[in-house]
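Look for chain A in each of the two complexes below; its partner is chain B in the first and chain C in the second.
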Partner chain A sequence: MLTVIGQSLVNGLIQGAVIALPALGLTLIFSVLGFINFSVAAQMTVGAYAGWMVNSHLHWPFAATLPVAFLVAGAVGVLTDRLALAPVRARSGGQTSLMVAVVSIALNLAIESALRFSFGNDLESYDVPVTRDFRFAGLLFGPQELLNFGVALVAAAVLATFFTRTRLGKAMRAVADNADLARLKGIVPNRLANLATFIAMGLAGLGGALLVVTTSVDPSVGSRLVLVVFAASVVGGLTSLPGAVLGALLVGVASELSLLVISPVYESATAFLAILLVLLLRPNGLFAGVSAVRR
Partner chain B sequence: MSSISRRSIVSLAGGAAVAVALRPSRSLAQDAGPVRIGLIIPLTGATSQFGTSMAAAAKIAADEINEAGGVHGRKIEILIEDDQSNPEAAVRAAHKLIDVDKVVSIGGSYASAVTSAIAPLCWESGTVLLTSSGADSIMKLPHHGYIFRTSPTVTLQGTRVGEFAVELGGKNMFFLGPQTPFAQSYIDIISSIFTKAGGKGAGLIYEDKKTSYRSEVDQALRANPDTIVLGGYVPDTAVVLKDLYRAGYTAKRIGFSFGVNPAILPAVAGDVGEGTYSLVPSASEKSEAYKNLIGKLNRPSLDSYSCQVFDHVALTALALANAAPDVVNGTIVRDNIRAISQDPQGAAVDLVPAALKSIAAKQTVNYDGPSGPLDFAENGDVKGVFFRYEQIQQGKLALIKVA
Partner chain C sequence: MITYLTFVSTLAGIYALLALGLVTSWGQGGMTNLGLVGFYGLGAYASALLVGGGMPIPFGWLGATALAAAIGAGVCLITRTLRGDYLAIVTLGFAEVVRLFELNETWLTGGSNGISGIPAPLKSYFGAAYPIVYMVLTWSLVLVAALALSRLLKSPFGRALRAVREDEQVAAVAGKSVLVLKVQAFAIGAGLSGLAGALYAHFTSFIAPDSFVVQMTIYIFLAAAAGGVTRVPGAILGAIAVMVLLEGSRFVAAAIPAFDAVQVASLRELSIAVGLIVVIQVRPEGLFRSRNQLSGTR
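And now, the complex of A and B:
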């Protein structure tokens, strides 16, 4: 039984680490721009396809596909944000953040449809050998999955360094904390909005590429996961970057562990339950005390 | 938003209300213009592998009928809606087709969850539903004869898979499949076949929106199976096959045509999918109807489901042609389908234009389409289905036998 629980923990952590990247993106945009951008789901798919294109068509090695996934998703993210979301944001009104969130759902559908139009409905696989797992301490580990886990952690660490050590990172946190004060200090929030969107969507794209390298790409791969990503972000408090990572790991582990007691059919209920419990008991997130973007 | 004033919205709404009130009284009959046939097809989502070819096959059927002069001089118009592999979207599409377009029949309808969701709308509005879904539960609905199934049932497919697995020497079966109206039936049917043969069987129903099934696969492998039956659609089956491979599973894997079909091959290349079996309802591949259809589609072969959708359109048109021209509705279609598809005295006809011509000349016909002989049992289930047993060999689906 201990092995079974251990294996679920391992599977959950690996899943959670990869989910953490789009959850970071969602949190970052919410912190800096003040709305929930549901098009992270489509940007995950964009990153997944971008990586797949250079990996299986141009035969780039797997490691080289990851920056491509990041850059393409980031660029598409900024472009679509400028086209569809920025005009709605520019309108003043009490309901703007809700309106932008709704428009982002439409944007998500539009991007997904564009991908379907371009790539079709078929499942596409990365040209990466599928390897058998190895056994360590009685548990099964996949080499590719461990690599993904490592990449996700490194990306999160780089992001943390960016926010604490660089001027731009600090400026972004200043805008998140109080946009008006930041403007008085000579920070241009609009320029930072683009950068935040670029980083956030790039992270989503990177996460998407990592997710599909062990499975396969199709146009709705990101949309299938949007609930889990959202849950991770909410559990983390929506404004805390470390919270998003911890939230993702928690949701990943909780959903894998839940399989031991409930039928796998109800697994996504754990994500719903996580959102519900956090909103009822600690609306600021489980990790709200942990250094947020805002403070 | 200031360009649209409140007043203009009110007057628009008022106009719409008047327009609705002035419409001729609601009747499900189509009185003039083209005869409309609805198709609810998975063009997107998990079950969409055959969507495009289904739509193409339906268009060919409509073209053939229209080139032959239509039905009682009226053209056929097919209206294709995407069910997004999602029952909720399918219900919206069915409402539109039934209430707005007033179709006489709805064809396509592939995933069992989709068919189960739209079935009540169909029989309650007197619209014929022609489906290519397998779940047995569909025909147990009180459908008053409005549902015709052109695909083999789950019981039949499950029985065939179970028998085949036992034939291959399987003793311990484990079923892995997503939540569908047929998942539990598969577990029960296949397990009972294994038990009768001196083995045992069990199963696990998972959720289909996951990127990894590691924990589910681990759970399955703890039962130490020598046969794993894959009950999923393509996206989840691809992931399960990869996870089975990673976990070191090397024994038999058997899937169904909706999961293991050409669309899955690129995703399970190499050793991952190699050796996996698939049970595929066979189209009537030797028939003139089939050759005609693949010729017009310019394809080397065509799956059974797309052939079935061709026949959904063909059956509707032939049934209407067989009835008097004054009333055109779903009930007429329901009451005439068997007359043109399974009359033992009728002349066997393979091609739709020929069948239309014979019916116009008041001859009885027995239409056999590209999908098969189209003889329906009392409850609406199709009879006399053949299966292709295929296996992934060197990255391609190879035919083992037809039975």
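And now, the complex of A and C:
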């Protein structure tokens, strides 16, 4: 029994680390731009397809596909943000952020439909060598999963460095903290919007590619996973980047542990339950103390 | 041809009910229900199961409406202290859980096979004319709902609700109970979606999880937005417009032989999604501008 729980912990942490990437993206956009961007789901799929294209058509090794997934999803993210969301965001009014959220869910459907139009509904698989799981301390580890875990950790570390060490990163945090004060200090929030969107959607795309490499890509793969991403963000308080990572790890472990008692088809329902519990008990997120930004 | 037109008009009426619900919670109350299709599916299954269990059909419809409204109120209460964004996330998750439940609780919902043979009211009595009778019945319900909503939204309740939408704090200072107003408006919206689902179930006599796809939520948002999010007549015209767009694009796309069925379906969905984006960007007020609904004798 202990081994079973240990195995669930390992699987949950690995899955959670990868989920953390899109969750970071969602949190970043909410912090800097002040709205929920539901098109994160479709951008995960964009990244997954971009990686699959260069992996299976151009035969690039898996590691080389990841920057492609990041860049393509980031670029599509900025382009669609400019076209669809920015004009609505520019309006002032109490309802603006909800309007933008509604437009972003329409955008999500638009991107997903465009992908379905181009690639069809078939399941596509990455061309990666099949490797054997190895046993360590009585627990099973997949080499591909461990690689994913490592990539997610590196990406999170790079992001943390960016936000604490560079001027741009600090400016972005300043805007997230208090847009008016940041403007007083000469930071133009709108100029940071593109960069924030690029990083956020790039992370979503990278996460998407990592999430499908051991399974398969289809046009709605992002939409199927997105509830878990939202759960991670909400558990982390929706405005805290470290919170999003911790939230993702927690949700990952919780959903793996829940598989011991409920049917795997209800994995998304676990995420929904996590959202409900957090909103009922600690609406500002479980980690509100960790450099939280209140809105 | 008549059969097809009757079918489409009935469906348009069901969409109109959904759009009316959205006008109440989104347009007038400022709350985004991204799980609209969840309440719609819930209503359909609830009525099918109640009637299947021996209840008379009107009770099935009432039960579906009441259940959807009650769950809507609950969802709204959970996010009461938070920004509207949270309600959007919770409703989206709710719809996903409803879908999973429909798909996997085979003992109750029949799983992906769905429920078939749902009885239609008075079908044997009217015989061949029945589709037209059901269409008239649906649109009568739309009309009743529209009239009731117009009255309600013109009443002090409507004014208070709009005040809450514009600024909760100001409304609270003016002595309005913000939470009660929001929960009521959201429950009305959810209840209408549940009723629409029940109407759908007894109309097609067959429901399955595939009948309640996530994209439908976007169709209804387009219907409500195109007609002007705050306006009751706008919701009805918007629903008709969306139905024309959905069905029209089916014919247009079928006329282009270069595309396969999946591509045609994705083009339809793309056109709806782009339609919603464009409407909100270009005409945020929709076809019908929101009337300056101040207090007064108008």
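Everything below uses one rule, namely that the second predicted complex is superposed on the first by the 288 of 295 C-alpha atoms of A that agree within 3 Å, B and C clash if a C-alpha of one lies under 4 Å from a C-alpha of the other, contacts with A are read in each partner's own complex, and residues count from 1 in each chain.
Here is the rule we go by: contacts are C-beta pairs under 8 Å (C-beta built on N, C-alpha and C of every residue); 3 or more make two chains touch, one makes a residue touch a chain.
A quick note: this is a predicted structure, and the numbers were derived from the prediction, not measured.
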Chain A as common anchor, with chain B and chain C clashing or fitting: clash
Contacts of A:97 with chain B and chain C, given as first, second, both or neither: second
Which superposed partner A:280 touches (first chain B, second chain C, both, neither): second
First (chain B), second (chain C), both or neither touched by A:264: first
Which partner reaches more residues of chain A (counting touched residues only), chain B or chain C: C
Partner chain(s) touched by A:234 [first = chain B, second = chain C, both, neither]: second
Common interface positions of chain A, toward chain B and toward chain C: 116, 121, 219, 263, 265-266, 268
Touching residues (chain side chain B, partner chain A) in the complex: 43-45, 48-49, 51-52, 179, 204-207, 209-212, 214-216, 218-219, 222, 234-235, 238-239, 242, 245-248, 263-264, 266-272
Chain C-touching residues of chain A, taken from the complex the two chains share: 30, 35-36, 38, 84, 87-88, 91, 94-95, 97-99, 101-103, 105-110, 112-114, 116-117, 120-121, 219, 223, 227, 230-231, 234, 238, 263, 265-266, 268-269, 271-272, 275-276, 279-280, 283, 295
Residues of chain C touching chain A in the complex: 30, 32, 34, 78-79, 81-86, 88-90, 92-94, 96-97, 100, 103-104, 165-167, 214-215, 217-218, 221-222, 225, 260, 262-263, 265-267, 269-270, 272-274, 276-277, 280-281, 284
Chain B partner contacts - residues on chain A that touch it in the complex: 4, 7-8, 11, 15, 18, 116, 121-125, 129-133, 140, 142, 211-212, 214-216, 218-221, 224-225, 256, 259, 263-268
